Amino acid sequence: MTRVDAALVRRWLTETEEALAREAGRLTELDSAIGDADHGSNMRRGFAAVRAALEREEPASPGRALVLAGRTLVGTVGGASGPLFGTLLRRAGKVLGEAEQVSAEEFAAALREGVSAVARLGGAAAGDKTMVDALEPAAAALPDFAAAQRAAEEGAAATVPLRARKGRASYLGERSAGHEDPGAASAALLVAALARAAEQEASRG
Amino acid sequence: MTRVDAALVRRWLTETEEALAREAGRLTELDSAIGDADHGSNMRRGFAAVRAALEREEPASPGRALVLAGRTLVGTVGGASGPLFGTLLRRAGKVLGEAEQVSAEEFAAALREGVSAVARLGGAAAGDKTMVDALEPAAAALPDFAAAQRAAEEGAAATVPLRARKGRASYLGERSAGHEDPGAASAALLVAALARAAEQEASRG
Amino acid sequence: MLINGPERVVEDALRGMAAAHPELSVDVENRLIVRRDAPVTGKVGLVSGGGSGHEPLHGGFVGPGMLDAACAGEVFTSPVPDQMTRAAAAVDAGEGVLFLVKNYTGDVLNFGMAAEEAEEEGRRVAQVLIEDDVAVTDSLYTAGRRGTGGTLFAEKLAGAAAEEGAPLERVADVAKRAAESSRSFGVALSACATPARGGPTFDLPPDQLELGIGIHGEPGRERRPMMSAAEIADVCVDALAKDLRPSGPVMVLVNGMGGTPLLELYGFGAEVRRALDERRVAVARMLVGPYVTSLDMAGCSVTLCQADEEMLRLWDAPVATPGLRWGR
Amino acid sequence: MLINGPERVVEDALRGMAAAHPELSVDVENRLIVRRDAPVTGKVGLVSGGGSGHEPLHGGFVGPGMLDAACAGEVFTSPVPDQMTRAAAAVDAGEGVLFLVKNYTGDVLNFGMAAEEAEEEGRRVAQVLIEDDVAVTDSLYTAGRRGTGGTLFAEKLAGAAAEEGAPLERVADVAKRAAESSRSFGVALSACATPARGGPTFDLPPDQLELGIGIHGEPGRERRPMMSAAEIADVCVDALAKDLRPSGPVMVLVNGMGGTPLLELYGFGAEVRRALDERRVAVARMLVGPYVTSLDMAGCSVTLCQADEEMLRLWDAPVATPGLRWGR
């Protein structure tokens, strides 16, 4: 796969919506251990709205699709994850602009900018036990989508022993260690959905 | 035992206090099934106050001891059982008047009047699933104290299948059946304590 | 539990009331909460009380426009006659005293003894019984209907009438009218835990509920599989409307039993309103909150009080108590 | 739970607020509760909001003398920027708008985005952050202190200042002063059950408690064997006094987390008062009740707000909201 178009982005976000519908319970479970037990329903609500918006507006370029998705997340999720995941997609979309197709490299670079924007907005660095721990290594591995998925999943798993320094898990101090960060877990789902969408695209030729 | 004096009444009520201290948990348990889970602590509080009042005031006649005990119950228990058990003892005491000693027959007659006063005050008849179901047969068996104890215990046990028609158990309708009435259970403890006190008196000669 | 020990619960709560409400006079030893300016010249004295565990009822309803005094019993145990005679003495300005009594054997007997004593002391005492709970149907075979949410209407309306300077007979009449115009029905989603027992008073699995409960942690008339808020509202409103047959506007109390979050209670209130609208019952006033509680019980009750113009005027009159407060 | 379904909880509650409070204007679709007379000419608009599940905070604090508008998020989830910009538009009378924001990443980010948008629309917007929870100690390694009970003081005092006609800078300054003068500490005796989860958010045996909890059902900093109310009060007051080092009189909020009966809460209040007396901290005002809750969580928090003369005057100023009401 060398080109990324609006269809691929739509497939990515639809895949994500389905994965979140399946995994919402687990994410909320993770969030009840070190947070406030809403992450699963937050993400699910947000991506259900994203899917509906994409179906309604049928954006013609990957950039527009991402901006629409990001804006929808900001407008429907709330909490910490709404502005953060929303910024990830919106920023990446803005970087891509109006082009109907972009190269995998351009796409990867845009997502990297999105991830930087997330880290800036949240003031979080790798190791703070947030979604950034899954997003940064994944962004670095792009445009190898399969490698990005592995990196995100490893990054999420690596949050388990960490003590949180950002978000509400940080209030637990030492007790935040020993649990996977819910936002990192959902970020890994997002990246895995991207790898699946890319693979489907590749297999379709 | 042919004569009843203040010492016997004091021993009776002290025995009752000790029995209630032991059995308060069970009484509250019974009251939580068909009432409001306070009967054990009510009775315990009341008879602890009775014991203290008797020790403080050392009434010289059985009548005065009973009036003091009854008044103390009215003044410290509250709920349905305070006025009812209070009336039982106060009325019996008033019947006995100032005599320093009374016969077992006089004592039995006074208690029978006390039980009638309870039934009148509460508007309860035998079979309504109240303390009256233990008190009435016991009063009828007096002055045979051992027989009275048996009658009270049987009367209390016989409340199990009944549907309550008085007190808060009546609100449960059919669901009140299948549980022993807490007030009948404590009435049986009261009568059993009397039998014990009388027996001690007899064995002492 | 957040307590120092089961036997200290009521005393500690009264100490807390004293600390938080300098505008009230709290007699911790005798367990009385009294308006600081009592007896109020020219005003009938209003006394209520009952077992503790229903807060803000009754102590939280002491103040201008509502009660002059409340007697606090042990948890779920009616107070003793001594408390009520003392309360009567504290609030009697010579215009007489009204006892507002929830219909439970214990309350009736203890208030009855107190009324006798107060009359022996030369006071004029009237008593009004509140018996509004339609879950208790057959009063021939029960101790009569329980007094629950209707108490709030009786205390508020009679309090307003007394504040206006109405004589004892009229204040009693207003209380009686409020009580007779009120119907309540309660539902439990959990049992409550009493301090004496240290745990729930009965077992209720989370997928079941009890219909027709009172306010003393007792089981209800019937256990049913869990229902939605909308279904529960329909059950409550049907039971109430069948009994009250309202012909004009009603005042509605959507009452929390203590453990139900306000968020859920307001949602339930929306369904009660819908159910009333559907049955064409006009709602003149609506109050939502935990007012007549049963410790930490999860659940709710609905009270309808059929209201004429005068009752609405008395309802709207100013009230300034810890638990209910509006107007001037 | 007394609900129609986890996804309908907030909407249903808003419908209930609309039914029970005709004096408020409730926008169910956009999840806003607004003073009916907003925008009030000559008055700074006060907007707050946050996740639902803390009722009466914030929607119950809308009304004369307190907030002009509140934005309701999903349960424990901060609202979205759209809601806040709409609220700003609804309450801006040209005097500017103050956002009162509890310090949580979600609230800070969403309110921050909304402030940008509102400024792009040409409004003057100030923001004040509330971060009063001393259980969160090391702010270098956390998202800063949480905003909890101090919010009530900030909303009440700033609301009173705005009602007096103070300009935006001064209203913001009052809010800031209230926030900076407040310290809170919370204790859980049980977890809370969120509708989405359908059960408790963590396991807490009845013989244990969690110290240093927030208001989102999260576990605290430390688990301990059960303590008496007196011991808990000492722990809370020690933690607060150590951090605040009060030099003058304080206002005290003894706050229930939702599931603790008022009877217990007042008893705890008595112990808080004793603990303050013993440490020679003068108490100028004391409020006891469930004001900043965490659904049905059993437990409590204590907030101390060091108060000067002006703050006491603003506290005593009239307020007329569903959750807090006094004065004219």
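Structural remarks
The letters A, B, C and D name the chains in turn, as written, and every chain counts its residues from 1.
Everything below uses one rule, namely that a contact is a pair of C-beta atoms (placed from the backbone, for glycine too) under 8 Å apart; a residue touches a chain by one contact, two chains touch by 3 or more.
Keep in mind that what you see is a predicted model, and the values were worked out from it rather than measured.
Chain centre most remote from that of chain B: A (centre = mean of CA atoms).
Note: centroid distance chain B to chain D, computed from Cα atoms, is 53 Å. Rounded to a whole number, the gap between the C-alpha centres of chain C and chain D is 29 angstrom. If you average the CA atoms of chain A and of chain D, the two centres end up 32 Å from each other.
Distance from the chain A centre to the chain B centre is 73 Å, each centre being the mean of its Cα atoms. The set of chain B residues touching two or more other chains is empty.
In chain D, the residues that touch at least two other chains are 75. Chain contacts in this assembly form an open path, with each chain touching only its neighbours along a single line. Of all possible chain pairs, those that touch are A-D, B-C, C-D. Of all residues in chain C, only 1-5, 8-10, 12-20, 52-53, 55-56, 60, 75, 189, 199, 206, 228-230, 232, 254, 258-271, 273, 283, 286-288, 290, 293, 295-296, 298-300, 320, 325-326, 328 touch chain D in the complex they form.
By the touch rule above, chain A contacts chain D in their complex via residues 28, 32-38, 40-42, 45, 74-84, 121-122, 163, 165-168, 170-173, 175. Note for the complex: chain D touches chain A at residues 6-7, 51, 73-82, 104-106, 109-110, 113, 135-138, 141-143, 146, 194, 196-197, 201-202, 214, 216-219, 221.
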